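In what follows, a structure is listed as structure tokens, so that the remarks can point back to it.
A, B, C, D and E label the chains in the order they appear, each numbered from 1.
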Amino acid sequence: MVRACVHYRDGRKVADLPLTAISDVLERPDDGFVWVALHEPDAELLHGVQEEFGLHPLAVEDALKAHQRPKMETYGEVLFLVLHTAQSHDCRIALGETHIFLGPRYLLTVRHGASLPYASARERSEQHPELLRLGGPAFGLYAVLDYAVDNYFPIIEQHRAALEALEKDLFDGDFKRDNVRRLYELKRDLTRLRLSISPLGDMLQHLTRSPTPLIDEAMLPYLRDVFDHVVRVNEAIDTMREMLGAALSVNLALATAQQGEVVKRLAGWAALLAVPTLIASWYGMNFEHMPELGGTYSYFILMGVVALIAGLLFRVLRRARWI
Amino acid sequence: MVRACVHYRDGRKVADLPLTAISDVLERPDDGFVWVALHEPDAELLHGVQEEFGLHPLAVEDALKAHQRPKMETYGEVLFLVLHTAQSHDCRIALGETHIFLGPRYLLTVRHGASLPYASARERSEQHPELLRLGGPAFGLYAVLDYAVDNYFPIIEQHRAALEALEKDLFDGDFKRDNVRRLYELKRDLTRLRLSISPLGDMLQHLTRSPTPLIDEAMLPYLRDVFDHVVRVNEAIDTMREMLGAALSVNLALATAQQGEVVKRLAGWAALLAVPTLIASWYGMNFEHMPELGGTYSYFILMGVVALIAGLLFRVLRRARWI
Amino acid sequence: MVRACVHYRDGRKVADLPLTAISDVLERPDDGFVWVALHEPDAELLHGVQEEFGLHPLAVEDALKAHQRPKMETYGEVLFLVLHTAQSHDCRIALGETHIFLGPRYLLTVRHGASLPYASARERSEQHPELLRLGGPAFGLYAVLDYAVDNYFPIIEQHRAALEALEKDLFDGDFKRDNVRRLYELKRDLTRLRLSISPLGDMLQHLTRSPTPLIDEAMLPYLRDVFDHVVRVNEAIDTMREMLGAALSVNLALATAQQGEVVKRLAGWAALLAVPTLIASWYGMNFEHMPELGGTYSYFILMGVVALIAGLLFRVLRRARWI
Amino acid sequence: MVRACVHYRDGRKVADLPLTAISDVLERPDDGFVWVALHEPDAELLHGVQEEFGLHPLAVEDALKAHQRPKMETYGEVLFLVLHTAQSHDCRIALGETHIFLGPRYLLTVRHGASLPYASARERSEQHPELLRLGGPAFGLYAVLDYAVDNYFPIIEQHRAALEALEKDLFDGDFKRDNVRRLYELKRDLTRLRLSISPLGDMLQHLTRSPTPLIDEAMLPYLRDVFDHVVRVNEAIDTMREMLGAALSVNLALATAQQGEVVKRLAGWAALLAVPTLIASWYGMNFEHMPELGGTYSYFILMGVVALIAGLLFRVLRRARWI
Amino acid sequence: MVRACVHYRDGRKVADLPLTAISDVLERPDDGFVWVALHEPDAELLHGVQEEFGLHPLAVEDALKAHQRPKMETYGEVLFLVLHTAQSHDCRIALGETHIFLGPRYLLTVRHGASLPYASARERSEQHPELLRLGGPAFGLYAVLDYAVDNYFPIIEQHRAALEALEKDLFDGDFKRDNVRRLYELKRDLTRLRLSISPLGDMLQHLTRSPTPLIDEAMLPYLRDVFDHVVRVNEAIDTMREMLGAALSVNLALATAQQGEVVKRLAGWAALLAVPTLIASWYGMNFEHMPELGGTYSYFILMGVVALIAGLLFRVLRRARWI
């Protein structure tokens, strides 16, 4: 589906174009640039666009299939980028792919799966006509990348909150089987996120270090700014992954310790009960001559003795925190 | 065994050749290229081919023994590659080796052990005569590499499914001795796979970064595409290996926790039974004067008292989840 | 808030300037340099300063928002640095940010969040007029960086002391649930600290290896000295992180071992009590013909036998350290 | 001890030389090269050889002491290599050292400790006179390195077999204290092996990437072939080390699980016995009025009831796999 | 304190100098070099030396404070090195610092804390006058570095012995709380040692790869030899650290297993005693009609039955290794 097909000149929007008018614009020298945004295009639409811009077949094949890892490729004078976008639906991460073609006078974005539309990135670009004039489609590329990366931050925040809740649960309450599952799932999510975002850092670093003629030097600080955001996302993910590992270890230690507590309690109460039981068994013996059994108050004395022993034992065990 | 020996000119198949006719073709300048496919050749056949193409003895020795690690070597103007192929037979991974000689005007593949024949790679090449004309044997190389790498994907999928089944089992059911074994075997499989595929990534990166005259520049995006697939396989393997490590930890934590549950139960029921046992022992004592023993309803009162204590204890333990 | 706006010439303070007089000074060639220190400036103040110095809008945006990671960026002939500062309030780490603009003839610091004022860094610079004349604003930069890094040392010391106290606790006393929590929190703190300080090391290494005209060569040993302090902080953090990991493992081993001790005790005392209980039950049997029951001294003999058995058992178990 | 001192010309052995004749050969230009093999020479012999060839005193000191790590050093136009050799005696690894001096027209090997003699490497060289002529002493170097590396393979195989036996034992049988010890010793062995072989990889990579005039370019594929074998040994070691780590974890999980099983059994049987014990104690009470005790068949009825309860309990526990 | 101040010419000692005569020697061209050794100098002495040699203030500040990490710095034509020295006092590692200034015609060493005096390094240098003449102060530097590094070896040996004793203890005896503490302390020691020695490796590698005019090329093999010793120390430390990690894991597994053994024993003996206890309780019941109680030999028959059951149970449990 065509989401937008706009002609910009001198940093300002000139007109919405039909797709077929693109090549006319591109043929006129110095007539600004074209920004086309597609959303899950079918093969027909994509091949139409391919002809309009003269795109490399391999890149178009990628953009159609949309199961690529984030990468950057140069086809002749065209820069082709694949990036992963992330969104959170009901606490589950949904990933999408965006394929970007940056030509000398055009920017083409192809959006697949979970991602927000880039309309707001276009709007933001249009608010800076001087930069849009200066950078041309490269400024549009910056706006799209910046927008895509910024969409990772709320997801990171969500996971950080989830991790903090887990930590609280871990240290405050009992061992819960479910906590382990949540730790494991957090780890899986973060591993997926890292695979999505970290290649983008390499791409941006490469772009800013060995610049292409497609990207005006004045745009480099902007791309480095996006790079910085990517690094922040990466660092947040890595920190969380590390803390998750520690949390798993801690969890095991606490489970072991808790089990130790249970055994202690078991041992303590067993001891407390075993002594009177032994005494009771003792005086259940049927010897004919057991002098203790005869006296009138023997039984009551025994009760006192047992109560005393049990009481002392209770105090000893309580002090040793076995009960 | 000779699987194919085909003469291509201008991107189209000219004829199937006998092996001995190869040198005739190669002597005629500008007469296309030859694509030879062997399957587990014996020494005699291989030496015949060696003479036909003039191959380096070390490479031929490798191609005969077929216990090489994936590698790339340049002998004069000939590029020699060893790659590992993988197939899944009955949930077990079987590895094979393919040795490839890429000359200026020939492509020779030698297949050993588990791998699918490259006939379909040849067919796919023939469907793109323009690229086959442009790239010559290098396009054939691309087709073979692409095919070999793509054969890893179903194996990766299989292992991912196995891992997910294990995860489900881990969190849903009891600790099973067998799960640990399966985790261990998965880890071993993935370690083997990684050793097979990851050197191929280095080889492709080297090929695309420092290109040889054997490979036309127009072929580089195709090789980079294969490289990208290799990276995807690698990332999938690494992710699974990492999750396997976490699963092992999780498993240990769950085993510890489960044992703690058992101990709790043991302790709970022991406590529940110990109290009436103590009381029963108590009134089994043979003191002459035990006033409680005399009354007509003493026994029934005691029954009530014991039932009450046991009932209360049961509620307390149940609430504390010890029973 | 403007903390300082000072005009230096030939390494000596000339005058405190109003902000608006800065451009006058900068217009006069060879008239020393200006050092401006701001503390959490509002947008208006910052934009005033931006106009005075002609700063890049991206950098100013960063300096206003203050949620950057440590980084270094060159905008034209101006060097822009973000560094994190750390302070310890009530045993909790509070992080702040300082944004530094180093121009050919000015130094501008913008301080956010937890950090000590740089007044003492300025004072120290003024005590070395010869270096301040030689290095100009670059010497001021050194003084600020040196001061900021040195403020990490007491925090590191605090954590080292906390770790040592924990180690002592770990090996001397019983397993404490709270120790695990403290280990975990230490790890989290150190991870945050590392993210704050370690990029500064990269920045300083880059500055000293590929020097800019902004920084006189004579200043490089001073910057390398700061780099060295950063490395020391980093090494201290890494060492502690590693020991924390070991402490977690050790903790788990000790918890397991302690539990083993408890089980041993439980088993030992259970055995000690089980034998007399068995004997007592035995002579509680109601067989008509039990010759042992009849004799006058039978009971006393039994008492002796039981005491003997219990005594022997006690010695055996004590030797085996089960009691 | 002098093992061999041979004069080669045009790839063929000319004569066995006395040591003192070496300098005569080397003085005649273009008169082939000399291959000297020593085995644990004493200081006197080594200094004689040093004078004959004019070796660097540091290298000779190394060759005498033989406690070097694998390394490569260039002294003037002489290449000096130290490599570690490995042999397996009674399942224990014995390491040796070989010091190699490669001059423009000589090859000197000094063998210490556990290693096989290089006679077979010399024989193999002599079977390829064309390569020996082409490569001169560098081909001899190749033969020695190839032979030394190939001697690692049987050791690797032995360890792999040991690991597989351990794995089988781990999953099939009970936890054995001895298995842990064997895992630990395997890890130690592999760590030692890795330190012996892996620097050789770096040396070979360096040799083949920045070639010296001592080594003819035609020899490089041969050295790369040895490099490849080293990488295979390294990969095998790394894989085993990784699996050993996993085996240790698995072992712990299985030990924990096995302990859990024991506790379950303990709990199960304790429960099974506790119920009849309670009942028996119950009817051992001495209440005067216990109606159940009176009837003629009471005892038999009780026996039936207890048998029934025990039977039911047995079935329940068996189903839950607690017995 | 001044330990030595010696004037060397043509590789031989000329005279002991007073400090104030140094500048006279240095003013005369081609008059050899001066070697000064200080031990924990006070500020006054150090500033005297600073004036004599014209040292950089930052380096002198370092040499006075002596809390530097190992590093290398070039101040003009002077090379400044900080290295850590290690000594073992009563099984505890004591670290010292040595600061070295290498000028074109002087060598100045400043020793702090635990280290042996460098007198023996000077003596060894004087035994090689030809090298001392050739290398000048750089040969002295070699002698000092070599001596400092060689002092690490006995410490490494000590730790290796401690680790081996621990390993033996681990596998032979019971779990000891103290072993865990020793493992932990070994790890801490080795971490400290690694921080002390490993930067020296980087320094030496840098010195030998990008040589300075201060160091004659003929000295490079000697420095590389020291580098090699550093690498050996590093490898020994890394190996031990790795084995320590494995030992911790092994320890945990053994602790778990040992606990399992205890539980098994507990369960076994409990079972052995529980059966006769049940039987005894059984015949303690007060039913009026219990035919077994009546016969004259009933009691003896029961004794036989109980002995038989206990005996059988004992054999079964012993075979299953539960007792």
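Note that contacts are C-beta pairs under 8 Å (C-beta built on N, C-alpha and C of every residue); 3 or more make two chains touch, one makes a residue touch a chain.
All figures in this text were calculated on a predicted structure; none of them were measured in a lab.
K.L.:
Taking only the C-alpha atoms, how many degrees of rotation bring chain A onto chain E, rounded to the nearest 5?
P.N.:
Copies differ by a rotation of 145 degrees.
K.L.:
So the centre of each chain is just the mean of its C-alpha atoms; given that, what is the distance between chain C and chain E in Å?
P.N.:
Going by mean C-alpha positions, chain C sits 25 Å from chain E.
K.L.:
Counting only Cα atoms for the centres, state how far chain B is from chain C in Å.
P.N.:
Taking the mean C-alpha position of each chain, the two centres sit 41 Å apart.
K.L.:
Which positions in chain E are in touch with at least two other chains?
P.N.:
Within chain E, the residues that touch at least two other chains are 249, 252, 256, 259, 263, 266, 270, 277, 281, 284-286, 290.
K.L.:
When you draw the chains as points and link the ones that touch, which shape shows up: line, ring, star, complete, or other?
P.N.:
ring
K.L.:
In what order do you meet the chains if you trace the ring from chain A in the direction of chain C?
P.N.:
A, C, E, D, B
K.L.:
Within their complex, state which residues of chain D touch chain E.
P.N.:
Within the complex, chain D touches chain E at residues 56, 58, 68-69, 71, 73, 75, 175, 177, 180-181, 183-184, 187-188, 191-192, 195, 248-249, 251-252, 255-256, 258-259, 262-263, 265-266, 269-270, 273, 276-277, 280-281, 283-286, 290, 292-299, 302.
K.L.:
Going by the contact rule at the top, pick out the chain D residues touching chain B in the complex.
P.N.:
167, 171, 221-222, 224-225, 228, 231-232, 235, 239, 242-243, 246-247, 249-250, 252-254, 256-257, 259-260, 263-264, 266-267, 270-271, 274-275, 277-278, 281-282, 284-291
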